[in-house]
Every structure is written in structure tokens, then in C-alpha cells.
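Each chain gets a letter, A, B, C and D, in the order it is written, and its residues are counted from 1.
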Amino acid sequence: MMLGRESRRPGSWIVALAMLMLSPAATGGPEEDRVAFAQYYQSRFPAVTFEEFANGIYAIDADARAQWLEIEEFPPYEFAIENGEALWSKPFKNGNSYASCFESAVPDIRAAYPRFDVSKAEVVTLEVALNDCRVTHAETPMAYDASDMIDLTAYLAHAARGKKIDVRIPGDQTNALAAYEEGKRFYYSKRGQLNFACADCHVTSVGLRVRADRLSASLGHPTHFPVYRSKLGAMISLQQRFAGCIRDVRAKPFELQSPEYRNLEFFLAYMSNGLTINGPGARK
Amino acid sequence: MQTGRRLLLQGGLVLAALAALPRTLLAAVWPEKAFSQTAARQAMTELLGTTDTVSSDRIMLKVPQIAENGAVVPVTVSTTLDNVASISIFVENNPRPLAASFELPTGTLPEISSRLKMGETSNVMAVVRTDTGLFSVSKEVKVTIGGCGG
Amino acid sequence: MAGKIKVKTKLVGNVAEVKCLMLHPMETGTRKDPDTGEVVPAHHITQLTSTNNGETVMVANFSTAVSQNPYFSFKFQGAKAGDTLKISWVDNRGKSDEVETTL
Amino acid sequence: MAPAHESKRPAILCILLVAALVFAACTSDVERQYEAAEQLRRAAAEAGFEWLETEALLNEALQLEEQGNSEGAIALIEKARLQAERALQQSENEAKSWRTRVVGP
């Protein structure tokens, strides 16, 4: 129904977009980028509120939304949350625990990542922070696609529901800005045999169909991960989803938690600043 | 209604006996033969003894028109028919059409929900057995071949 | 392994609504392992049974067409707070699991 | 244009020719073409623009060569080389043109 309303005014978003492009804004700093990004989606889908974009494709696809809500009645990711909580509470061999590595209380941890770590001069994601913690306490790091790793993030995402995404790029940190710029460049660069950029599907063609699937908005992409994908019957991280998209355009995926993906996550999370964390999620 | 009356006459006594099973006497045998049939009609015959059912608007079959994902299709069946003994769900074009069958002892309400796999676009049929016969409703669910997951 | 069956119940008057989610692969027997190319043998829950204070309130027979990590919900009358609800399943390999909860 | 320059050219050509002949004598056609394609693939990977199948094509080519199917191997190597070349081209194009897609100021 939301789409219906939008499709009756096919020209409106083009006009809005043109206005955005012509508007005499300052040079593209992250905050200007973010505002323009959010405005773009809001002009494409005028009936969808900003908050609603946290629901990904279900913000703009009414049919799929109804089925998703039925899954949410008793979502399969509840097993992951439960396992994640058990892992979180289990002490390491040296008696310490994950909690000892994080400054904030459990509900505040998810929202603190991704962040730019000045001393490491790189983006640190939640997954990397968890593994760093393990190494600090003489535990072997986990593979980034290990179900235990993803379950831990599911637990932390669940605990953080209702908190806002709040990625910061302090003005005096040129390294952080460079990481953001790298992520942005990645997002807008065409790659692979199909010659697609992330933005080709999730900005330009958002809401249109690729075969049977409607393309989701990037505004809100990072709010709901990790997600249970019914196609796989398993939980996946945001970066595993990156890898899936990159494979779909027939480019070689990068290693999980590679600098490329971390910078991309940093950029995407910044673009979704102000949206509410609602992970873990359920997707097709 | 014609078929209904015939069925009532043929199977009424047997069905009446089955419908009112006390809670502790339910057969706990998994109907393997019905589940292994590759045609919906045969699966129905194995499970219910016949393929004659009366189409009934007193059965609500809630399924999506277009499945978001054939691996997880939410299905809810409920009915206002009285004395329901069992509810069975057939996905006609699945390799094994009988998807699930629920035996309802007295006191259990005729309202069940689950999630099913569908290999392709197909009719989904819910068959309700009461003490007066077999009633059914069918709906088509379209299953599309996904692209990238959205 | 904690919680292979998750149950949520709601009591409205004397009607109990039971929702459960089970951790099970529900292999169809037709899927090929993407790594080895070999067909993964069927492995699925065949029967779920639920009792309330020892009385059977549901027998559900499943095929492989029930989705992975099956979800199932039903309602029954004659329930009251404090009743002991049990849900158990067996699969085609003879494995089983059960959970007990108080309404 | 400068005469001094021109006079050097035959000498360089000569050296290159000798080097190529020596190289050819030591390695088969397949190995040589494989190396060339593999180098392009690595360059594309370094640029962050490697395509999905290129490496698999090259590995498959090596297997065919081992089975004595040089012709098949060369066909796959050629495919891989073209992919790697285009991936590199893509990375060069994108170095500038990504900015044209940015939403915002």
C-alpha cells in the first residue's frame, strides 16, 4: 500500500532528487552525506517514516511485511540469543569474561560499534572487539562466520534494542574520516562481472525488483543484523551479507572483517545514525 | 452438499467413533504410508480413506498469495465446524504432498499454525475431519524464484 | 545443549495458547551438500505430542515439508494456571526431545 | 624522432627477442600464458576488483593441463586473462567515476 501511493507519483522522487543535487550544500562531509542520504530515501518513499527504515525491506514491501510479522511471532533467532547469552556469561579459562573487556553495560555495547579506534588507527566492529577480548584473555579468536560469534552479537543486539545507532567521526581525526571515505568509495564503486555498485541496487533501484526480490534501502541496513536467513536456516552477520551481495554481482568477496568491509560497515552505520537498533532480525 | 451427504452415509459411523476419541487413546503412529505418497490424491486416500471432501467456507486457510520465501510459508488453519478430529495440510505440487496432519483430542481448538516449505507454486489444501465428514478449502500460493534476497 | 524446544504459553480464561519453536534441521532428503555434492539424507521430526497434566492435547504428524526449525502453535480448552504442559517430539532417526513448562 | 633514439631500438628488440626465446625454450605455452593471466589477476585483486571466477578458471586450467588437455587449458586461461584485464579496467574507471553516483552534495 505504501508502494502504491509512491507509484502513483512516479515523477516526484526524480524532482526531489534533482533538487537535492542542485541544492547549494557545503562540501560533502559525513554529516552532509548522511542528511542527503536520508532525504533521498524519504523522497523516494514519502509514506514511510524515517524510523520505519530500520525494518529494511519490510518498510517498503507490504506483502512481505505480513509474512515477516508472522515469523516474528516466534522468530528462529531466539535460539541464537539464548546461546549468545550463555556464551557471554561463561567465564574464560583465566576467570575473566567478555564483560571485563567492555566499558559499557550490556545494553550499551552494540551501539558503541563500529567505531574508529585511534590507537589502532582502524575501524573496530563488534565482532573484532569480541575477538580482541578473547585474545586479551588468552582464548583463541573465533572465526567470523562461527555460529557462536554470531550468536554473541545476536545477544548483544537484542539487549540493545531501542538504542540508537550513533557512529561518530570526530572532526579532528583525519584517519577516521579517511576510513569513512574508503567505505563510501567502496559503496559507490561498480565491481564484478555484472558491473554493479552497492548503490546501483540499494540507492538507484531501491524498491524495484531483481527477479522475485524487492531491493531494500541502505538506510537502515545495519540496524537489524545479525539476521536469521530462512533460506540458509542460519544466522548471518552484516558482513556475511556484504559478501553475499558481492558474490551476486560476480566479484570475489573479501575476507570477513577485512579493512574493506569494516570501512564499508563504518560508512553504512554512519548513514543510519539516528535509527533504532532492532536486531537480531529475520529475513528470507 | 451432494458429496457431503454421500460421505456422511459412507463414513459417518467410523468418523463419529474417531472424532470423539478420549485424550488418552489417540493413536500415536506416524502415518508413514500417507506421507510417502507422491500424488496428493493418493496421500489423501492413505490418510483419510477417501478423496471426497466438501468444500467449506467455515474453514479459514491463511496463507500468503505470494510466498516471500518458499522455505518458510506461514500457514494457519482454523474452522468454526464442530467436533473436529483432525486437520491435514496438503501442498499439491510438493514431491510429498502431505505436509502435516494434526490430531485434535476433545477440548483442543481447531486452530493451528505452522510454517511450511513449498518447492513451487501450488494449491495448498486444508482438510478438516469432523464427526460428520471431511471438509476442505484450497488456496493457491505462488512461489517465486528469488534473486539476491533483497 | 540448552533449549532445543522453546515454548510460549498464554492463558485466556480456560483456553491455553501454545506456541513452540524447535531446533531441528528438517532435512528433506533431496538437498545436496554444497561442499561434497552428496545428497543429505532425510532427517525430520515425525511426531510432536503435547500433554497437559498428562492428558494428550495435541498429536502433530510432520513431513519434511515443515520448515527447518519448526514453528507450531495450537490452542486447547480446559487449562488453568499451574498446569504442567509437556511438549515432546521424535524424529525419523529415533531421536527425541521434550520440554516441560507450567502454564 | 631523435636519431640517437632510433639507433638503440634494434638492440633492445634483439635483447627482448633473445630473452623471449630463452623463456619459451624453458617453459611451455600454457605455463607462460598462465603466468601472464595470473599476474593480471593478482593486480586486479590488489586493486580490490577481482572477479568471482577468475581464480577458479586458472585452477581449472592447470588441472586440464595436467590431464594433457593443453588446448582446453589455454581456452580457460584466455578467459581468465580477459576477466582480469576487464577487472583492472573497471578499477581504473571507478577510481574517478564512483563520485558521480554519490547521493548528496
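Assume contacts are C-beta pairs under 8 Å (C-beta built on N, C-alpha and C of every residue); 3 or more make two chains touch, one makes a residue touch a chain.
This structure is a prediction, so every number in the text was calculated from the model and none was measured.
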Which chain has its C-alpha centre farthest away from the C-alpha centre of chain C? D
Chains most often in contact, by C-beta pairs: B-C
Calculate how many whole Å lie between the centre of chain B and the centre of chain D, each centre taken as the average of the chain's C-alpha atoms. 61
Can you give the whole-Å distance between the Cα centres of chain B and chain C? 18
Per the C-alpha means, the centres of chain A and chain C lie apart by a whole-Å value of 33
Averaged-CA centre spacing for the pair chain D and chain C, given as whole angstrom: 57
What are the residue numbers in chain B that touch two or more other chains? 71-73, 113, 115
In chain A, which residues are in touch with two or more of the other chains? 73, 230, 233
Touching at least 2 other chains, the residues of chain C are 67-68, 71, 73
A full list of chain pairs that touch reads A-B, A-C, A-D, B-C
Spell out the residues on chain A that touch chain C in their complex, using ranges where they run on. 73-74, 76, 78-79, 82-83, 86, 230, 233
Please name which positions on chain B make contact with chain C in the complex. 23-24, 26-28, 30-31, 35, 71-73, 91, 94-96, 98-105, 107-109, 111-118
Can you check the complex and tell me which residues of chain A touch chain B? 56-57, 63-64, 66-68, 70-71, 73, 201, 209-216, 229-231, 233, 244-245, 248, 283-284
For chain D, which residues are in contact with chain A within the complex? 45, 48-55, 83, 90, 93-94, 97-99, 101-105
Hey, which residues of chain A end up touching chain D in the complex? 20, 23, 25-28, 32-33, 35-37, 40, 184-186, 188-193, 195, 197, 199-200, 203-204, 247, 250-252, 254, 260
